[in-house]
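Here the structure is laid out as structure tokens; the discussion comes afterwards.
Chain IDs A, B, C and D follow the sequence of writing; residue 1 opens each chain.
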């Protein structure tokens, strides 16, 4: 069942490790198949180098395990809430990558200081609000998904393919598991660049990138007339 | 004698190196066998890539070498003091990993700024007091163990599986040598995240993680009803 | 056509990745053949580990593709503008390497704080002005090249083999693609050293390197009587 | 001639690269044979992965090449000046490792903030004065050695096995080329730890390590009654 998607999800999970974004078992990637309405996700707390495609767990949008002998990631309900609300999303990634997590812990949006940021994120990288005590106690992972969706009111998820959950860590997404992993890698680099920019800047606050430059970069990769990459105007090769 | 434990201790030592926590020979891991009351520990000052399981040294809780042709780690007395006082601990790790050592040198507890921290440490990472001159001169390594134990009055060692020795570096522990190594890896990441959180925060002091979020994260991994990992409620797979 | 140059360009591109300067597909290297007046450049948005020398694209100085089935780098017009204006340049590299990009985003020149800097850059690493809105909208990549050339009025490009494009990232160049890649690697190290120097300095502003020391270092590698390396007085082996 | 020493020098040079201390060709290691009074040193500007033991250059204490077809390191005169003045030194290493170079560029001694420092350096890591203009112009590398020796008036070189040359970078030494390389690795870690300690410290200035703790650590590795390592009281296995 969903063999190709399982391979893609396994590869995305491994990529998080090889890119240095995941320490121990702190991360997970999933993929969504719109035809069957099923999600393929990493099992919880399993070592990355021992995982095979067969270990991937298949769940439906209600969170019920449809296939697989292992428990799904403890963050499964968050992934599902993203798939249920963000049209066109086919992959979700969660990591505790250090630089992005620092901004999440500081509950601070990452401002757009340069074209590297603008190439991937259309505007600041948003931060959710903190969950209330009852939201944490009752259905924590589902409510984590809900505050993400709440924060994206008025935003286009595929144009801003990631978020910082306050006090926690980043989630990213995309048109495939590989795309979501690329956005996790990009977010970590952007978070680091923003921190270093503030460290070396002579001005305070650091001036933002001129909006027309950011727009140009975003559009040359993702707009109707995109000309970056081999498959433009899609331009989705990161 | 204790062949399985020797293998576990060797693997934990190698893991510290492959995880980038150990420079030169600055680190050691040990394991404790409660049936025999013996400790297996790395030999002192030996290159990690030349060590075999047979090089591991077996000592009793009095510090006497029971088996092995090499000298045990110069920090053996500290390891023993931890095993003698912290019930349930079966592995101890000592490193000079850079980020955790910076907090130790600053003699500053690591505050809980996020869920990564709460997943592993139930509360701040504590710091010992500085040893007195006579404590240093008389039985330095034993007294290092004693100030660690002293600092844990009122704390549950398996819920706070590590400490920063002021002016020195971290010690971590766990239910096995592998568990202790995982906690050393987690501590280094947490120390780095805390430093970067303070660097990017717009607020000073940086607000701590809401206690009910930290409690949730700690309990979903380690509590009675833990649901993280495949072996929950034990949840001990890091 | 230009097989040797294609190999050199491929190797320079791979070197950027193996040196940790390139994340995802954020970088490109090219080479220029003065006899034919042609430029060999990396294709746009292609994974580095799948590229072969045959994938390199050949363009003329008007930007027209002369050979190759893939689209050239989206930054091709910037590379060409550099070759058209900077005599003796035979290789150009563009990356979003983190430390250099931080200075570019801060729109701050990198001051010469030490001999590592002086060995490669004769004076500060310059920053361009920000492009105007019409320069961005009309011929963005060409105009990026133009503001680079504009900034080098009165400077010797081969003595200052790189620039920070404000809000964007660095470009470096040299007498070959390998030389340009070496300068990208050197620039990243210099940018990091400058940031750390400011972080640990007790004086503010940090005193610059004594000019006569910088001159000595630059000349011993690049001057008429250079004595660094095996091929001095050329001294171009970095 | 001196085949064993050539191997040791080659290995020390390679170790600098594998430890991440050397970028491009920015570093060199040498060894001294007291019986013949000859120095074996890396050739200038040669790629580390192409070097063989036969490429090592043999020079006498006057700087004359005795054997070898390549030019010796451009820093040879500095190495020789160290061998001529520091009794017992049999290996010298020079790198531009980033963290140590930052302190050198800031012309700031590295204070002893912890036991990692005290294990290798007996007291602060010293900084030389800046060379005068005539010292730079006349015999730059020799005079670099002279200001190092001048700075060590009253210090024991084997107890403080390294120095920061102001505006330049570190030199370290030891009882063998391997020992000098170990000290370069230790110095880089210590420099980084000191920077991070200041970054996280709540106190300013950061309190130094209690002198009796530093003394204990230094003596347990290097003193008459050293008990660290397998070959104590020598204790020289780092």
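Basically, a contact is a pair of C-beta atoms (placed from the backbone, for glycine too) under 8 Å apart; a residue touches a chain by one contact, two chains touch by 3 or more.
Keep in mind the model is a prediction, meaning the values are calculated, not measured.
Enquirer: Common contacts of chain A and chain C?
Expert: Per touch definition, common to chain A and chain C: zero chains.
Enquirer: Could you say what rotation angle superposes chain C on its sequence twin chain D, using C-alpha positions and rounding to the nearest 5°?
Expert: The superposition gives an angle of 90 degrees.
Enquirer: With touch defined as above, tell me whether chain B and chain D contact each other through largely the same residue numbers, more than half shared, or through different ones.
Expert: Different: fewer than half of the residue numbers at the chain B-chain D interface appear in both copies.
Enquirer: Just curious, how far off is chain D from chain B if you go by their C-alpha centres, in Å?
Expert: The separation of the two C-alpha centroids amounts to 32 Å.
Enquirer: From the mean C-alpha coordinate of chain B to that of chain C, what's the distance rounded to whole Å?
Expert: Centre-to-centre distance between chain B and chain C: 45 Å.
Enquirer: Touching two or more other chains, which residues of chain B qualify?
Expert: As it turns out, chain B has residues touching two or more other chains at 194, 199.
Enquirer: Going by the touch definition at the top, which pairs of chains touch each other?
Expert: In this structure, the chains touch in these pairs: A-B, A-C, B-D, C-D.
Enquirer: Can you list the chain B residues touching chain A in their complex?
Expert: Touching chain A from chain B are residues 113-116, 119, 182, 185-186, 189, 192-194, 196-197, 199-203, 206-207, 209-210, 212-213, 216, 220, 227-232, 235, 237-238.
Enquirer: Which positions of chain B touch chain D when the two form their complex?
Expert: 23-26, 43-46, 70-71, 74, 96, 98-99, 101-108, 130-131, 133, 136-137, 140, 167-169, 194-195, 198-199
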